[in-house]
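Notes follow once the structure below has been shown.
Chain IDs A, B, C, D and E follow the sequence of writing; residue 1 opens each chain.
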Amino acid sequence: MARKIIKKRGKKVGAAPGTLVHIGEKSSMGANIRVIDYDQEHLTDTRIHAPDMCGSYRDSHSVSWINIDGVHQTEVIENLGKSFGLHPLVMEDILNTDQRPKVESYEDYLYIVIKMLLYDEVRHETRTEQVSLILGRHFVLSFQEFSGDVFEGVRERLRSGRRIRFMGTDYLAYALLDAIVDHYFILLEKFGDQVEILEEELIADPTPATLAKIHHFKREMLLLRKAVWPLREVLSSLTREENPQISAETRLFLRDVYDHTIHVIDTVETLRDLLAGMLDIYLSSISNRMNEIMKVLTIMATIFIPLTFIAGVYGMNFEHMPELAWPWAYPAVLLLMLGVAGGLLVFFRRKNWL
Amino acid sequence: MARKIIKKRGKKVGAAPGTLVHIGEKSSMGANIRVIDYDQEHLTDTRIHAPDMCGSYRDSHSVSWINIDGVHQTEVIENLGKSFGLHPLVMEDILNTDQRPKVESYEDYLYIVIKMLLYDEVRHETRTEQVSLILGRHFVLSFQEFSGDVFEGVRERLRSGRRIRFMGTDYLAYALLDAIVDHYFILLEKFGDQVEILEEELIADPTPATLAKIHHFKREMLLLRKAVWPLREVLSSLTREENPQISAETRLFLRDVYDHTIHVIDTVETLRDLLAGMLDIYLSSISNRMNEIMKVLTIMATIFIPLTFIAGVYGMNFEHMPELAWPWAYPAVLLLMLGVAGGLLVFFRRKNWL
Amino acid sequence: MARKIIKKRGKKVGAAPGTLVHIGEKSSMGANIRVIDYDQEHLTDTRIHAPDMCGSYRDSHSVSWINIDGVHQTEVIENLGKSFGLHPLVMEDILNTDQRPKVESYEDYLYIVIKMLLYDEVRHETRTEQVSLILGRHFVLSFQEFSGDVFEGVRERLRSGRRIRFMGTDYLAYALLDAIVDHYFILLEKFGDQVEILEEELIADPTPATLAKIHHFKREMLLLRKAVWPLREVLSSLTREENPQISAETRLFLRDVYDHTIHVIDTVETLRDLLAGMLDIYLSSISNRMNEIMKVLTIMATIFIPLTFIAGVYGMNFEHMPELAWPWAYPAVLLLMLGVAGGLLVFFRRKNWL
Amino acid sequence: MARKIIKKRGKKVGAAPGTLVHIGEKSSMGANIRVIDYDQEHLTDTRIHAPDMCGSYRDSHSVSWINIDGVHQTEVIENLGKSFGLHPLVMEDILNTDQRPKVESYEDYLYIVIKMLLYDEVRHETRTEQVSLILGRHFVLSFQEFSGDVFEGVRERLRSGRRIRFMGTDYLAYALLDAIVDHYFILLEKFGDQVEILEEELIADPTPATLAKIHHFKREMLLLRKAVWPLREVLSSLTREENPQISAETRLFLRDVYDHTIHVIDTVETLRDLLAGMLDIYLSSISNRMNEIMKVLTIMATIFIPLTFIAGVYGMNFEHMPELAWPWAYPAVLLLMLGVAGGLLVFFRRKNWL
Amino acid sequence: MARKIIKKRGKKVGAAPGTLVHIGEKSSMGANIRVIDYDQEHLTDTRIHAPDMCGSYRDSHSVSWINIDGVHQTEVIENLGKSFGLHPLVMEDILNTDQRPKVESYEDYLYIVIKMLLYDEVRHETRTEQVSLILGRHFVLSFQEFSGDVFEGVRERLRSGRRIRFMGTDYLAYALLDAIVDHYFILLEKFGDQVEILEEELIADPTPATLAKIHHFKREMLLLRKAVWPLREVLSSLTREENPQISAETRLFLRDVYDHTIHVIDTVETLRDLLAGMLDIYLSSISNRMNEIMKVLTIMATIFIPLTFIAGVYGMNFEHMPELAWPWAYPAVLLLMLGVAGGLLVFFRRKNWL
C-alpha cells in the first residue's frame, strides 16, 4: 500500500515550472464544469462544456461559483486559468494532485489547496481527493479530481436563499472549506466505530488478523494526519487579518472551522494513542496465552518426568534386584509415585503457579 | 469505549453554520433555569421556566448569574441566545457538547468552553460534562449538560455575602472556573489512590487484570489530558491584558487558576509516566515468573533425562548383557544415577541457576 | 508511593480564594519565628513567638530576614501576612505546600516558591520541603514546612560580616535561592553514587531487586524533575530586567544560580537516560541468562531423546526380535548410541551453539 | 556503512581557516569547466580548461552559468575563487564535501550548499553529491563533485529559449535548485517501490533478510533526512525578502521549491513511520511463528508424557503385579491411554489452544 | 562510570559566591603560565611562574595570549584574576571544572566556557577537559585543566606570521574555539570507526560483549551531547551583533565554527540513531539464534516422543498381548515408527518449519 504515499510524477521531473502535467489517477471522464451564479435575488445553475465561456464570470458583480470535476484534462484547466489570470505555478499545482494543503496569496486572489477525505466502506480506508479553491473578488473556482463531492449541502443552502446568498465569495469559500472539514468528522466516526469493534475483538479473541487491523488503522491515521496537520496552518493563516479578500465577519466563521480542525487533529492523535495502547495489549495478551500453554506443558512434564524415571528403574532387567520379589513392592512404588506427584503439586500451588 | 472519543454528529454535518442541533447524550429532563441576581446588598435566587423572562437581566446593573441545566432543549437555548444577543456560532457551540475548551472574544461578551470532570466511583472513570460560560457586562450565563454540578460552594459564598458579592461578573466567572479546576484535584486524588492500590497489587500479585487496569488508567489519563491541555491556553489568554471584560484584580485570581491548571497538567503527566513505568514492571514481572517456572522444568528435565536413559539401557532385552547378571550391578547403577544427578546439581549451582 | 504525587486537599476544594487552609503534612511543633536584622554595622538575631511583633521590621531601613518554620499554624501566618500586607492569594499559597515553583510579582514585593530537596539516607529517596520567599524592600520572609534547613551557611556569612552585609534584600534572597539550588548538587551526588553502585550490581549479578531499584530511581528522577524544571523559568524571569526589586548587580549572581539550575536539569536528564539504558541492560541480561539455561536443556534433551528411544526399542517384548539373540548386539547398540550422541554434539558445535 | 556518516578530514583539522584542502572521495578525472553564457538573444556553450579564462564572465551583462565538475582539484577552485572574489571560507567550504546544506549571504553574492541525491540501482541506496552554488549579479557558479548531474533539463530549456532566457541569475539558481529537489521525488518513488515490495515480502514470508532490509531502509531514511531537513531552512531564508540578489518574482518560484521540500520531508517522515511499523510487524510475526512451533511441541509432549508413563508402569518387572495376568488388562490399558489422550485433546480445544 | 556524570563539590556547597574552591581532578603539577605576545611585526613566547608578572599585558596594545595549564592552584588563579579585573563569579567558575559550556558578557570582557574533548585510545572513551576563555580588548586568557592541548596549530600559525597576526584578540579567541571544535571531528571519526567495526561484529557474531559495547557508545554519545548541545547556543550568541568585543569580520569566521558545531550535533544524533538501530538488531539476532536452537529441540522431541511411546507400549509385561507373539510384529512396529516419523517430517516441511 506504499503506493499511496508517493504519487508517480512521470515526465514532470525536470520540466520548466508552469509546465502543465497532470499528476494523479487518470480518469476517462470528461471535465465537467458547473457554474452557480447568484446574488441576493437571482441564482442560475448551468453546466457548460467550453471553458472559454467562463471568462465573463470573472468580473460580473454577482458571485460565481465555478466547479470543475476532473483535473486530468490539462487543456481545459489551461484555458480556464488564462481566462481568470491565474499564475502558471498555480495552474501547475492544480494539476498536481499530490500537493500538501496550503494557502498562497496572489495579487487579486487566494489559492487554497485542501484534501477532501471520503471513507471507502468496503476496504475501511480513506480515499483522498484534492480540492483546489481560487478565491477571487467575484468568483470562486473549485477544482476536484473526480465527480462526487461533499458540497451538496452548500448547493442546497444556495438554492434555498439563506444567509449565504447575502454574503460574498469569501463566505462561499468558507462554506466549502467547512463542508470538507465537517466531513472529516464522519470519517473519524467511522474509524472510531471500527476501532471500538477492534477493541472488543482484542479482548474477546486476539488473532494475527487483529494485529493486521491495528496496523491498518495506524496507517490510516498516518495518512489522515498528513492531510490534516497542514490544514491547521492554512486556516490559522486565513483567520489572520492580512488577507483583504476575507471580511471580518467571515473570519469569525473561519475561526470556527479552525476550531474544528484542531478538534480533528486532537481526535486523530487520540486514536493514534489508543491504537498504540491496543498494540501493547495485543502483544501482551498473545504472550500471556503462550505462557498459559507453556505452563501446562511445564507442569505435566515436571510431574511425570520423575515418575517415568521410577518406572524405568523397575523396568531394568538386572537379575539381582531384591525389591522385585517383595510382595508389597508394586503397591509401594505406586504409592511413592503418588507421593512424588502430590508433593510437586503442593510445591506448585505454594509457588502460586497453579 | 471508543464511544467516548467521538460523539455522533448526526444530521449536523453539512448544515449551515448556526444551525442549532444538539450533539451529545440526550436526556429526558426539561431545561432547568436558575437565576441568582445580586449586588452588595440584595440577592434573589429564582427558578424560571420561560427563557424569555431572562431578557430583563441583560442590562440590569446587578450581577445576574443565569444557569441552565440541559442543553438538549434547543428552543430554550435559542430563545435565551436571542435575548442576550449571542452570535449564531456561539449558540451552535453551546449545543455541541463535543467542543474543545476554548475562549472566544465577541464584541460585548466572552464565550468560554470548559469541561467539568466528575469521578464515577463505580466504574473508576471520568465523567465529562461540558460547561459553556458567557461573560457579559451584567450577566454570566452558564450552560450545563446535566443537573448536578460543582458550584454549590460558589452559591454558598454568594448567599453568605462575602467578597464575591462586592465584585463584578468577571469575578463570578473566575469563581466558577476555579470551582471546576479545583474539582480536578479531587479527581486526581481519586486516581492517585487507585494508582497507589494498583502499585501494591502489582508488587504483590500481578495478574492480567492488573494489566487491564493499567491500560484503563492510561486511557483515563488520555481523556483527562484532552480536557486539560487546551485549558492552559484558555486561562493564559484570559490573564492577558487584552480583554476589557476582566479587571486587573480578577486577573490576579485567574493567574491563580492558571497555576492550578499547570499543576493539574504536571500531575497528569506524572501519572502517565508512573503508569508507563508500571507497565514495564508488569511485563518484566510476568516474564520473570514465567522464567521461574521454566527454570524448574529445565532443571527437572535436565536431571532426569540422562537417568531415564540409563534405566532404559538396562531395560533392554538383549540376551548377552553380562552386567545384568553381576550381583552388584543394580546398586552400582543406582549409585551411577545418584552421581549423575549430583554432578548436574553441582553444575547448576556453579552456574548460579539454582 | 503514589501518595507523594498528590497531596490531599481536604476541605479546601470549593472554598473561597484566600481561605487559609494548610495543605500538607501536619506537625505538632509550634511555629518558630527567627528574625535576623542587619545592616553594614549591626546584626541582631532574635527568636520571637508573637507574630504581631514582626510588623515593625516592615519599614525599618535595615535588612530583616524573618524565617518561619512550620506553616501549619494558620493564624500565625495570617497575622504575619496582614502585618506585611500580603495578598490573600499569597497567604493561601504559602499554606498550600503542594505548589509548583513559581515567581509572582506584586506591587511592592515578589513572591517566590521553591522546593528544598533533602536526601533521606535511609530510604534513598528525596524529601521535599516547600520554601516560600517574600522579597520586599526592607525585608525577606521565608516560610518553611519543618525546622532544619540548608541556610546555615548563609547565617554564618551574615554573622561574619562579609559582602552579604553590604547588600540589600535582593542579595539575601539570592543567597537563599543559591543555598537551596547548591544543595541539589549534594542530592545528585548521592543519587549518582547510588546509580554507580547499581551499575556494578547490574553487571555482577542482576536480580529482580536490581529492577526494583532502577524503577525506584527512575521515580525519584521524575519527582526531582517536577521540582527543578519550573525553577528554570523562575530564575530566568528573575534575571530579566523587569523586576524593580532586583538590582543589576544581584542579577549577575542570579544568572549564576540560573546556570546551576540548567546544570541540575542536565544532570537529571542524563541520569534518566542512564537509568533507561540500565533497564535495557537488565532486561537483556535476564533474558540472556534464561537463554543460557534453555540452551543446556535443549542440548541435553536433544541428545538423550533419540538414545532413550533406541533403548526403548530394544526393551520391547516381541518374541521375534532376532537382534536380541545376537551376541554383539548389545555393544553394537551402545556404539550406535555413542555415534548418535557424538554426531549431535558435532552438529551443535558446527552451529556454534556449544 | 558508518563510513558514510563521517568523512575523513585528514590534515585539515587545526589548519588555518581558508586553507584549501579537499575533503571527500578522490577522483582521477580532471576538473571540467563548462560555461553557458546567455541573454535573451544569444547563447554560447563552451568547455574551458584554464580557470583564469572565466574571469571575464564576472561582470559581463549576460547571464553566465559556470559549472565545475570535480572539486578535488584545489588549484582550479582557488583560481576561480580569486577571479570571482570569493571569501576564503567559501572556497574552503566548496572543497569540503561534508557540509550541511546552508545559505550564506556575502556582500555581492549568495553562497548555497545543497545535496544532490542519486539512487544507486544496484545497492538500493542513496548516493550523495554536494553541489555548491554561487549566485552573483551576472554569474552563477555551480560546483559538483563528479560529472553527471540532474541539470540536463535546465540546459535544454536554456537552449530552447524559453522563459528562463528572459530572467536573471536568480531564476537560473532557482531552476538548478528546483531540478535537484525535483529529483528527490524520483528517489522517494524508488524507495517507496522498494518499501512496497518489502511489505509484501513481510506478509508472505518474513526472514532475517527482511529485517536487514528494513534496517537498511531505516538507515537510508536517516541519511536522507540529514540532507533534506536543513534544506527547509535554506529555502525558507531564500524566500524571505532580505536578499537583494533575488527578485520578488523569483521568490514566488522559490516558494514553490520550498513547498516541494516540505513535501519531501513529510514523505521521508511517513516512510520512517511505515518502516517502524514494519519492524513491529516483523518482530511479532517472527514470535508468532515461534509460538506456533512451540504449541505443537507442547501439545505433543503434554499428550504423550502421561501415556508413556503408563506404559512405563506396566513395563516394570515386579513379580507381584496382579494386573499383568488379567486377560483384559492390555486392551483396558490401551483404552485408558486413549481416554487420557482424548481428555487432554478436549481440554486443549476448550482452552482454544488447538 | 556514573562518576563522570557529577563531579564532587566537596566543601563548596553553601559557601559564599566567589569563594575560590577547585572542583575537579586534582593534579600534582604546578600551574604553568605561557604568554604569547604579538603584533604584526613582533612575537614573544615566554613561560612565567609568578602570575603577578602578567598584569602588564592587560593594557599593552599588542595582543597577549596568556595560557594557564592547571586550574587547581587557586592562588595563581586568584592573583591572575585580580590583575585582569575579573568578576569573583568568573574566577569561581574557572575553578569549577563541572561547568556547562556558556558565554557571559561582562563590561570589558567576554567569558567563554567550552569543553575540549580528547579521545582515550585505550578505553575508547572521551576525556573531557574544561577550557575557560577570557576575551579582553588586548588579551586572551585561556585556562586549561591539564597540560597538553589542541592549540599547537594555532601557535604554529602565530609563529609563521600568517593572517592571524594581523587580527585582534577576537580572531585569536575564534582560532582557539575553532581548534577545539575541529578536534571534535577527530573524535567523531574515531567513534565512527569503532561503530563501523561494531556493526561488522554485530552481523558476524553478536555476543553479550557486543551489547556492552553498544551501551558503552550510547553512553559516550550522551556525554558528547552534553558537551556539544550548549555550545550551539554559545556560538550562536557570539555571532549575534550585540558583542562589541567581536568585529564583523571575525563574526563571519565564528559563523563557520557555528556551522561546524551544528554538523557535530547532527553527527552525534545520527550516531545515536545508528546505535539505537544496532540495539534492535542485536536483540532480534539473539532471539533469532535462540529460536533456531528451540526449533531443533522441538523437532527432535516432537518426532521421538510418539515413537518412544510406541516402544514403551510393547515393553509392557502383560501376559496377554497377542501382538508380541506374531512373527512380523517387530518389523511392522518398526515400519509404523518410520511412518509416524516420516509423517511428522512432511507436516513440518509443509508448515515451512524445516
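The criterion applied here is as follows: contacts are C-beta pairs under 8 Å (C-beta built on N, C-alpha and C of every residue); 3 or more make two chains touch, one makes a residue touch a chain.
Chain labels with UniProt names: A, B, C, D, E = Magnesium transport protein CorA.
Remember, predicted model here, so these are calculated numbers, not experimental data.
*Asks:* Could you tell me which chains make contact with chain A and chain E both?
*Replies:* D
*Asks:* Looking at chain B with chain C, do both copies bring the same residues to the contact (over half shared) or different ones?
*Replies:* Under half of the interface numbering overlaps between copies: different.
*Asks:* Roughly how far is chain D from chain E, going centre to centre by Cα mean, in whole Å?
*Replies:* 26
*Asks:* Once you find the CA centre of chain A and the CA centre of chain C, what distance in Å lies between them?
*Replies:* Distance between chain centres, rounded to whole Å: 42 Å.
*Asks:* Which chain B residues sit where two or more other chains touch them?
*Replies:* 287, 294, 297, 301, 305, 308, 312, 315-317, 321
*Asks:* Draw the chains as dots and join the ones that touch; what shape do you get: line, ring, star, complete or other?
*Replies:* Basically the chains close up into a ring.
*Asks:* Let me make sure I follow the ring: beginning at chain A and going to chain B first, which chains come in turn?
*Replies:* In ring order from chain A, with chain B immediately after, the list is A, B, C, E, D.
*Asks:* Show which residues of chain E lie in contact with chain C when the two form their complex.
*Replies:* Listed in rising order, the residues are 1-3, 5-6, 8-9, 12-18, 87, 89, 93, 98-100, 102, 104, 205, 208, 211, 215, 218-219, 222, 226, 279, 283, 286-287, 289-290, 292-294, 296-297, 300-301, 304-305, 307-308, 311-312, 314-317, 321, 323-330, 333-334.
*Asks:* Which bits of chain A are touching chain B when the two form their complex?
*Replies:* 150, 152-154, 157, 162-164, 175, 178-179, 182-183, 185-186, 188-189, 192-193, 195-196, 199, 252-253, 255-256, 259, 262-263, 266-267, 270-271, 273-274, 277, 280-281, 284-285, 287-288, 291, 294-295, 297-298, 301-302, 305-306, 308-309, 312-313, 315-321, 351-353
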